[in-house]
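Down below are the structures I want you to see.
First subunit A sits with subunit B, and in the next complex the same chain sits with subunit C.
Moving on, here comes the complex of A and B:
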């Protein structure tokens, strides 16, 4: 296809777990494409398989059937894959090793790269990344993970991305464990990343409201399949699937009420 | 520091540390105050305690105080050596199996279970009785170490596999850490307090196992241990002779070491496990 630079392509992606009585089909033949430089959000309720998709995109899991291509090739070597595809995790509290300082762990993240920058450059890039998420490098000095709040830790995970500058970011529920204020902050940083590095971002969330504001395209998942996809306006304003309508209705009413009053 | 403060608040910990340090001090500093005399000059048989012979002599005409001090040294040595072997082996196998999962996990699990169902004491007896000639202290310690590791492996494996799904492990992986680095930097530090507790129990069980096989007459040939003192007393019917000094002090030493170690272990559990904190 011309004019389209597809970086992820899934063909009949199937993932099964367990045998016999515990046998469970989590992904039921997914087909999708993610283009370079776009923000795609995968939305769905609990246990719809969205996190499993994220794990496949990151190379943590291999599909049972079907194929997943990254830049036209299957993901065979995880380390190769992580040169350009990096994650932000859901739970900032358990994301860092409690026994080492945050700074040393941020510097350690360069170990994944085959072409490692010099020590001085690593230091510089970590400093710049910390400034990008509004943390003074001098404030962090020898801080350990347990000395930071959840919001600060989530920002450290973002700083890691600012430092590594991957091409693709997989953010699995990156904002679900932090409060609303920090959430807005983190979304701002994500947009900044996107703008500065023209990064492809795959956002995974249960919050369709959030998806509406940040994404170029939205995939709605239910029970291991994609039930609807399209631009935010198509999905949120003219939903076709019952599951999408359900997700839209689950946005807290108080919020809708407030918007209605504000408009009136 | 805070951990130490919390530990010092536990009476059982303080008690355990004091009692255990006392026995260690007795073993280390005893020879400075008492001239160790085992078989170099024979005393009259089964003498009760008197001046210059605090705990009397045994049926071989040996000074009981000397016997107890060097027996204590050897028993502690066997206990620590066996504890180190069992803890290292068990921790290594447990961490590796728990982290790798799949076939390796199943295989190590199978071996562990095999060792668990075979009564280790019987194996210990069989091995030590078949080693007629050269049953040295070290060999006994090694054999004990190799028979008591399965519980360590099992519990460490369980802890590792629950830790494996923690997100900091995933972060280490996308940071490019290899298996060795993940095991040593990202899993072992989390298990250290637990492994230390296991080590204490393994030392205690090493000392007990050595005492048991020595008491049955299958202990080391070339040295004295607390179990061997008991065995001597049993063979020479010290109880019938009313020579309490031939076995009571030795059994009290064994009891107090093991008791001190168990007290240490339980008190640490209360501090390391926040759910048990008062």
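Moving on, here comes the complex of A and C:
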């Protein structure tokens, strides 16, 4: 197609870990393309290799075999890569340094950029980002990461993204620790931000309900390979692969039977 | 007789600056034997604080403000921590903590961790071989490759195996009641189903009979719990059977929680999940009127001023004066 603008392109991506006894092939030849301005969700059970894909997209890892291109080039310099690609991680407690206040860490996250805004602008942007994730900046004065709950910490990670405004966001299980209301809030704001910046978002999740709601395309992964991909309607409503059907069945939907407790 | 009872329990944290944060306020409920109570609520609403309070492990900066707890008729508050550790924890009340990977010591094997529980609670009663046999028998109920799991370190196990091992260790002494604090929130849906299956198996085999299940996912509680209590900003705002709460919520906050759900069904893409505007109140300050009023769509002048008390509406407890 002529006006297709591919951001990420993977060709036969293979990643192996360990040697000898512990040798383990985690990614078994992935082929995919992610286009500009698209929201792609990678869905799969635990240990299917979805986080490894995220680490490749962020430049933390290099593939063993195969190639991964970002805007037509291989990822060589991580700092260059992080000017435009930013992550949200699963566990917010290990993402923040416990010895520094959250506010200072949010302001320090601008240090990754080559072209930094002025101090006053950084302050303004952090304030706006905190408000966006439903936290009053005054509540956070001199607070340290251990003083917040898990969900609040997750929102701090999101605030970092809202302040930095990257072009590409890799969200690795970003909403798995927050409850439904906060999740709706976060998705709301992400969609707004996406419209504003035409951001490309790669969601990585095991929640196919979330995937169905947000994404333009869904990849279903199992055991290091993509078993099914397509639009949300194709994947979630008319699944073809057994793994997708299994994932859909295991969701505790209120209208369907799940596990019944046997009473003695 | 109820197996567990909390009466007007309030808990607060003392902060570095000397102010009090009232993280749980006026919590009252009773648990009958064989019942599963689900507690739902957003992050930071006091669920985990409540767990520490209910199990008697109130370690400063967390303190009891007022109220009482009875475990099989015996009062819990006021007993020294050593006494609670020795006679209540693991024997009467046991906990399945949030995030199993942080609960297991990575430098010791699972069997040693399990052995510790028996050693510290049954000093000098049994020899090592008998203890190991007991642990082995219990772990077989969990559907695990028992020998492999017992002889490995926690880092060698998958998340599901870790979570099941934690469940096995915390129920070794056949406690009467188990408090599970987000046992499945870090697991994927398939493993979550397996873990819930294991918990149901243990219930059926009468390893323990009563459970408090804490999570932020209301749809999960619909399948797990008999009764659900929804918490907001430290208070229980609504409590009723799981059918009542999921299919016809009365409190505006419960209604908002239900409408924020995402599911993969036809038409769900067009239905926007409803977000609640604003943030929960700062618990360090004194709150006048209903705690949810500033974010509530149906708030009136009355409920912004008056402190809300529990009312019985449609066979359930609701903390809202406008609920019908």
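One rule holds for everything that comes next: the second predicted complex is superposed on the first by the 251 of 264 C-alpha atoms of A that agree within 3 Å, B and C clash if a C-alpha of one lies under 4 Å from a C-alpha of the other, contacts with A are read in each partner's own complex, and residues count from 1 in each chain.
Here, a residue touches a chain if its C-beta (ideal position, glycine included) is under 8 Å from a C-beta of that chain, and two chains touch if they have at least 3 such contacts.
Note that the structure is a prediction, hence the values are computed from the model and not measured.
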Clash-or-fit label for the pair subunit B, subunit C on subunit A: fit
Partner chain in contact with A:128 - subunit B first, subunit C second, else both or neither: neither
Which of subunit B and subunit C A:212 touches, first, second, both or neither: second
Which of subunit B and subunit C A:99 touches, first, second, both or neither: first
Touching partner for A:258 - first (subunit B), second (subunit C), both, neither: second
Which superposed partner A:136 touches (first subunit B, second subunit C, both, neither): second
Subunit C versus subunit B, contacts on subunit A by residue: C
Contacts of A:245 with subunit B and subunit C, given as first, second, both or neither: neither
Centroid geometry (CA): angle subunit B/subunit A/subunit C, rounded to a multiple of 10 degrees: 70
Gap in Å between nearest CA atoms once subunit C and subunit B share a frame through chain A: 8
Footprint of subunit B on subunit A - complex, ascending: 58, 60, 78-79, 82, 86-87, 89-91, 94-100, 105, 108-109, 111-113
Subunit A-facing residues of subunit C, complex: 34, 36, 40-44, 48, 98, 158-160, 185-193, 196-197, 200, 203-204, 206, 216-220, 222-224, 246-247, 256-257, 260-266, 268-269, 273-276, 278-279, 282
Subunit C-facing residues of subunit A, complex: 44-47, 134-136, 139, 148-152, 154, 176-185, 187-188, 206-213, 232-233, 236-237, 246-248, 250-254, 258-259, 261-264
Subunit B residues touching subunit A - in the complex, by the definition given at the top: 166-168, 170-177, 185-186, 189-190
